[in-house]
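Look at the two complexes coming up: subunit A is in both, with subunit B in one and subunit C in the other.
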Partner chain A sequence: MVPWLFLLPALLLFLVFKYIPMAEGIRLSLFEVRPFLGDLWVGLDNYARVLSDERFHNALNNTLILAVGQTAGAMLIGFGLALLLEGTARSLWFVRSAVFLPVVAATAVVGEIWRLLYYPAEGGFLNSLLSWVGLGPSTFLDHPDTSLWSVMAVGIWKGAPYDMVILLAGLAGIDRQLYESAAIDGCTTWQRIRYITLPALRPAITILLTLASIRGLRVFTEVYVLTGGGPAGSTDVWMTRVFSLGFETSELGVASAGSVVLFLVTLLLTLFVQLLRRRREA
Partner chain B sequence: MTTTELRPATPSTSDSPASARKPIGVAQRCETALGWAGLRASSGGGIGRILLCVAVFLVFCGPLITVISGAFDFSPDPTKLSLLPNRPSLVNFDVATEKGIWGYLLNSLIIAGGGLLLQVSVSVFAAYALARKKFRGQVIVMLAILTTMMLPEEVIAIPLSMVIGDLPLLNLSLKGTLLGVILPLGAWGFSIFVMTEFMREIPLELEEAARVDGAGELRIFAQIVVPLCRPALGVVAVFGFTMIWDQYLLPLIVATDPGDYTLTVALATLRSDDMVGPGVVLAGALLALVPSLIVYLSLQKSFLRGITSGAVKG
Partner chain C sequence: MQRRTARTRAAFAAGAMAVGLVVSACSGGAPQGDPNAPIEVWTRSQDDTKKVYEKIFKAFTDKTGIPVNYNPPPYNDFDKRVQERAQAKDLPDLVITDTGSLGPYRKQGFLLEVDRNAFAGQADLVERAWNNGKTADGKYFAVPFSTQAQVLLVRKDWREKLGKPVPKTWDELAALANDFTTKDPDGNGDAKDTFGIVAPGSTDRGYLAWWAANYIWQAGGDILSESGGEYKVAVNTPQTVQAVNWLKGLFCDSKVTLPNALTMVTNDAHNYFEQGKAGIYLTGPYMFTRFDKAPGKDKYEVIPSPAGPSGSTVLGEGEVIYQMAGSVKTAEQKKLAEFLVSQQAQELGMKVDAGQRQVVRLSVNKNVDVKTVYNDPRWDTVAKVYADSARPFPNVPNFQPFRQQTAETLNSLFAKCGNDVAGELNKLAGNLDKELKSQKAAQ
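Right, the complex of A and B next:
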């Protein structure tokens, strides 16, 4: 009896704000939602519409590009940062703390800041930097050719320091005697990284890749704030598509079907990764 | 898999006889993966490393510095941002005040304060049951909480907005109220699990001794277990705050008019207002950054420890 009393607040909040909405979402995805007229059962029609809709295909495409690009970019740069900033000196600790700030800043705020930095005229902050090295001006977010890459860059900027911290923890756990023996054997720095550092970081890297790819699928806030999915749908991702269907055109049934599909994909990916890890550990 | 915090790398050479004969420099060069020791040019770091550090600092902090300078700049050319204000002034904050920025900030602070208080207490209660008790259905409860962690918040946005507009059984609408944002943030699987993990470590003897002395359930919980959880409370609080401050979709769907927005959501309203320049948006952005920075800088140790332990445990 006692344990349930202590669990009651959590379970009640989960029930009302997680489980009921989840069940309601699945129900809605099977109906044509008509306010005041009563919902109409349409079976799997909404799913068929999601899977055949060209704009959803485009959104899926962009979501995948963004997820892969941001995950890989943040990981590479995070690894570089970790190598650069490893060490016990106080000045390094200061740089590490400062570099981590983008992770702490709220995503929406980061989006607003970068919108201004990306100002697509010659006077814009980034464009004036580009003109120093004889490039630009670039249109950044305002042109379909450059918009997705500009969004990706912001994601990498915000994600890399997070990866850095986890990789730094991995680096700190490496036995220094391995480095010493390698030094005595005359290993080059590259060999040392390749055969000692990277294998030791493998668990951390696996986890980071998993978390980031799952997070990448549901990216919403930064895209919504930076571009709203535009221009011309060039940065539309799965969630911005669902959002505009659900809250702007009120096609709640189709939007719910889109959400359920995203949930299933996330769930499958999570389970798949868990399975892989189980098998490798066994 | 054993490292759970960012401890400084210590050279483990003192006990090996081979290293005693080597010159001191070798042990130092083996402290980091790239063989760098300190950040001074003399200590094996090299001038290149210092330059790289400066560049990295500028890339990751430069954008945040432009926010400060832009917020305090009476900017004649709204497109030009720089690292220092061209014409320092407070005019952006005056305009922002006219646009109701302090109201948005107040919304944000109430949601952060209330949400955090609720989330931390809910987690402590739930963790007490999960870590200190054995009961039927424990595994199912764990699984149920794990499911909520795998369920992306964005996915339930549409039905959640309906539930908030018409609470089950109560027929009550939380739309347009701060409570509508606070309550859904009250239970968070991550903080429950962090708390549970930590509470498992508290020795059972303490609890048994108290029970022998005649202490009741609530007394044991409030006077023995909770005070011992102080370090975990720091971790949960700093992650909870960051998570709540980062909310965008939830405050957006709960609001019935712009007056209900949190500061982070209201920035977009400011931006699309033709009467204000980018300086005012940056003033708002600065106000939205400051609380995160204060929380991060003051609780940095718990934050980094939490990140690494969470990641290593998966």
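Right, the complex of A and C next:
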């Protein structure tokens, strides 16, 4: 009884701000939404529209590329940073805080700043840097061939320090004696990473993968601020499509159906990762 | 036992607090249902226009004693917040925003019908402006508040430095844009830091279609053509194809548009004209106040859009007053709407202090004289363009999906620079036709 009472505040807040809206979203996905005229029951029509819409297919494709790219990129760079910045020295603490800054910066602000950095002509900041080494100017966000990669780079820049922190925590838990024994046995650095560090980091990596894949599928703010899904729909992701349908063309029913599909995919993905992990650990 | 009691008590306290939070969240103030609450008004405004509206609403309260609660949502969040409030069945009593929202709002049942004959002062309103509040079935669901026509702003100092004439045709416009892009018109020694045309080419809210519609009409093309109250898709006619090909040339061949145009929304676009990055901008007259500060009043000129193969038609729409459904204060709603189109309120919306922008551009009230109020020849140009060559988007039940899909196709054509313009427009025509049929407005 008492534990439940302690849980009650959180549960009630979740109920009001999460579960009821979620149930409402599922309900709306079955209707043509017209708050003042009465919603019209359309059954699974909204789902059919989402699943057969070419632009949703394109958005799904972009979302997957972005999710995989950002997850892998952020983890690799985060791992590199973690290896570089591991230790207890005071200066490292300072550098780690500085490196962590992108994570705490507001995503919308990050998007606006990167939009300026990416200005696709010679006067742009990044293009000025490129011109020093005889390259560019690159179109970055403003050409369908380069836009998705440019958005991905921002995602990696923002995500890598977060991964670094989790991996640093994982690294701190590794028994130093293992490294010393390995050194005595004549192992190379790579062998130490391969046979000691990576296996020890497995739980941290699983958590990161789960979080990153969910984050990747729900990506919205940076894409919306950077490109609004353009040009030519080349950076349109699932959530920008849902947003556009919901708030620009007022198709709230179809937008809700899109959100429910995303929810189901995220749920399945999370369960899949968990199952995989359990099987490995068993 | 003592400890147990303390813990239990703490848990109850926490639980009670949570219940309190939830209850207070659910019963948050509902001004729409309360007949004694002030009338709630939202406008799609930024800080500089908000102050002008405050002045108008104060005048209304002074005159009628009816208090107004004016606390509009952030400009960029406007549409989202309206939808949120609609879901809560708690819309503001009155909303002033683009006439483009008429279709989506009507479709969702947000609006109260306006009885023109019972609307005080309706005879003082310009007949043409009333069209902005008319829906496809000939009924009125909004009252016009402000109208405008798009005009071309050109960097006069750049043009004169290069010795070019004021552009009167598309060819002259393209040539001027080309010179602005290649001939270092700002004379800073770098020929690559300026561009010809500011084009807000993002698909956000269908911006690109908004901008491109002017040129499509100037070539004699259209998105939808009307005859006898019924519509036909015209986005794949030879004239539209010609216009889109010409526009594509600006983006892809001569590259006279800003390089980041295709992901740019209007709010960003203003900055590039302001900062002297590009010298030609087809936009509304509400930008004068801002551009008079930078690049400077003497640095740019206001001219009618140069003529295309079929004339110089531009978009002439505006803002309208929506009386929202669900309000218990319908009498006050109407009274405020009637005040807003009165000569007094219209003039208050036009005469602004330094740093503010007009919320009424061209008055919808016949008794307001543009010349006397503004005493600015640039506004006379706007009034003339509105009278001679401005037109609105058609009154199909909901124009928004047409605008959105057209913007997406154009954005794709200008981004990929492929050659199959006619093919892509045909594909778009097919989709628009489907939309037209689903709105039951096809011929």
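Side notes on the structure shown:
Going forward, the second predicted complex is superposed on the first by the 257 of 282 C-alpha atoms of A that agree within 3 Å, B and C clash if a C-alpha of one lies under 4 Å from a C-alpha of the other, contacts with A are read in each partner's own complex, and residues count from 1 in each chain.
By definition in this document, a contact is a pair of C-beta atoms (placed from the backbone, for glycine too) under 8 Å apart; a residue touches a chain by one contact, two chains touch by 3 or more.
If you're wondering where the values come from, they're calculated on a predicted model, not measured in any experiment.
Of the two partner chains placed by superposition, only subunit B is touched by A:Leu101; subunit C is not.
Shared-chain residue A:Tyr119: touches subunit B and subunit C both.
Once the two complexes are laid over each other on the shared chain, residue contacts for A:Thr88 go to subunit B alone; subunit C is not touched.
Look at A:Pro199: by the touch rule set out above, it reaches neither subunit B nor subunit C. Comparing subunit B with subunit C, more residues of subunit A are touched by B.
In the superposition on chain A, A:Phe6 makes contact with both subunit B and subunit C. Of the two partner chains, subunit B and subunit C are each touched by A:Gly246. Using the contact criterion defined above for the overlaid structures, shared-chain residue A:Leu37 touches subunit C, although it does not reach subunit B.
In the superposition on chain A, A:Asp142 contacts subunit C only, with no contact to subunit B. Of the two partner chains placed by superposition, only subunit C is touched by A:Gly230; subunit B is not.
Residues 2, 6, 8-10, 13, 16, 115, 119, 121, 123, 246-247, 252 of subunit A contact both subunit B in one complex and subunit C in the other.
Remark: subunit C residues 4, 7-8, 11-12, 14-15, 17-19, 21-22, 25-26, 79-80, 83, 86-87, 89, 104, 107-110, 192-193, 195, 201-206, 259-263, 265, 325-326, 400-401, 404, 408, 411-412, 414-416 touch subunit A in the complex. Of all residues in subunit A, only 2-4, 6-11, 13-14, 16-22, 24-25, 28, 81, 83-89, 91-92, 95, 97-102, 104-109, 112-117, 119, 121, 123-125, 128, 157, 161-162, 165-166, 168-177, 179-180, 183, 189, 192-193, 196-197, 203-204, 207-208, 211, 217-218, 220-221, 224-225, 239, 242-243, 246-247, 252, 255-256, 259-260, 262-263, 266-267, 270, 277 touch subunit B in the complex they form.
Contacts from subunit A toward subunit C in the complex involve residues 2, 5-6, 8-10, 12-13, 15-16, 33-37, 55, 115, 119-123, 139, 141-144, 147, 226-234, 244, 246-250, 252. In the complex of the two chains, the subunit B residues touching subunit A come out as 1-13, 16, 19, 26-27, 29-40, 49, 52-53, 56-57, 59-61, 63-64, 66-67, 70, 77, 79-82, 121-123, 125-126, 128-130, 133, 135, 138, 141, 144-145, 148, 150-152, 154-163, 167-168, 183-184, 186-187, 192, 217, 221, 242, 245-246, 248-249, 253, 264-265, 267-268, 271, 278, 281-282, 284-285, 288-289, 292-293, 295-297, 300, 303-304, 307-308, 311-312, 314.
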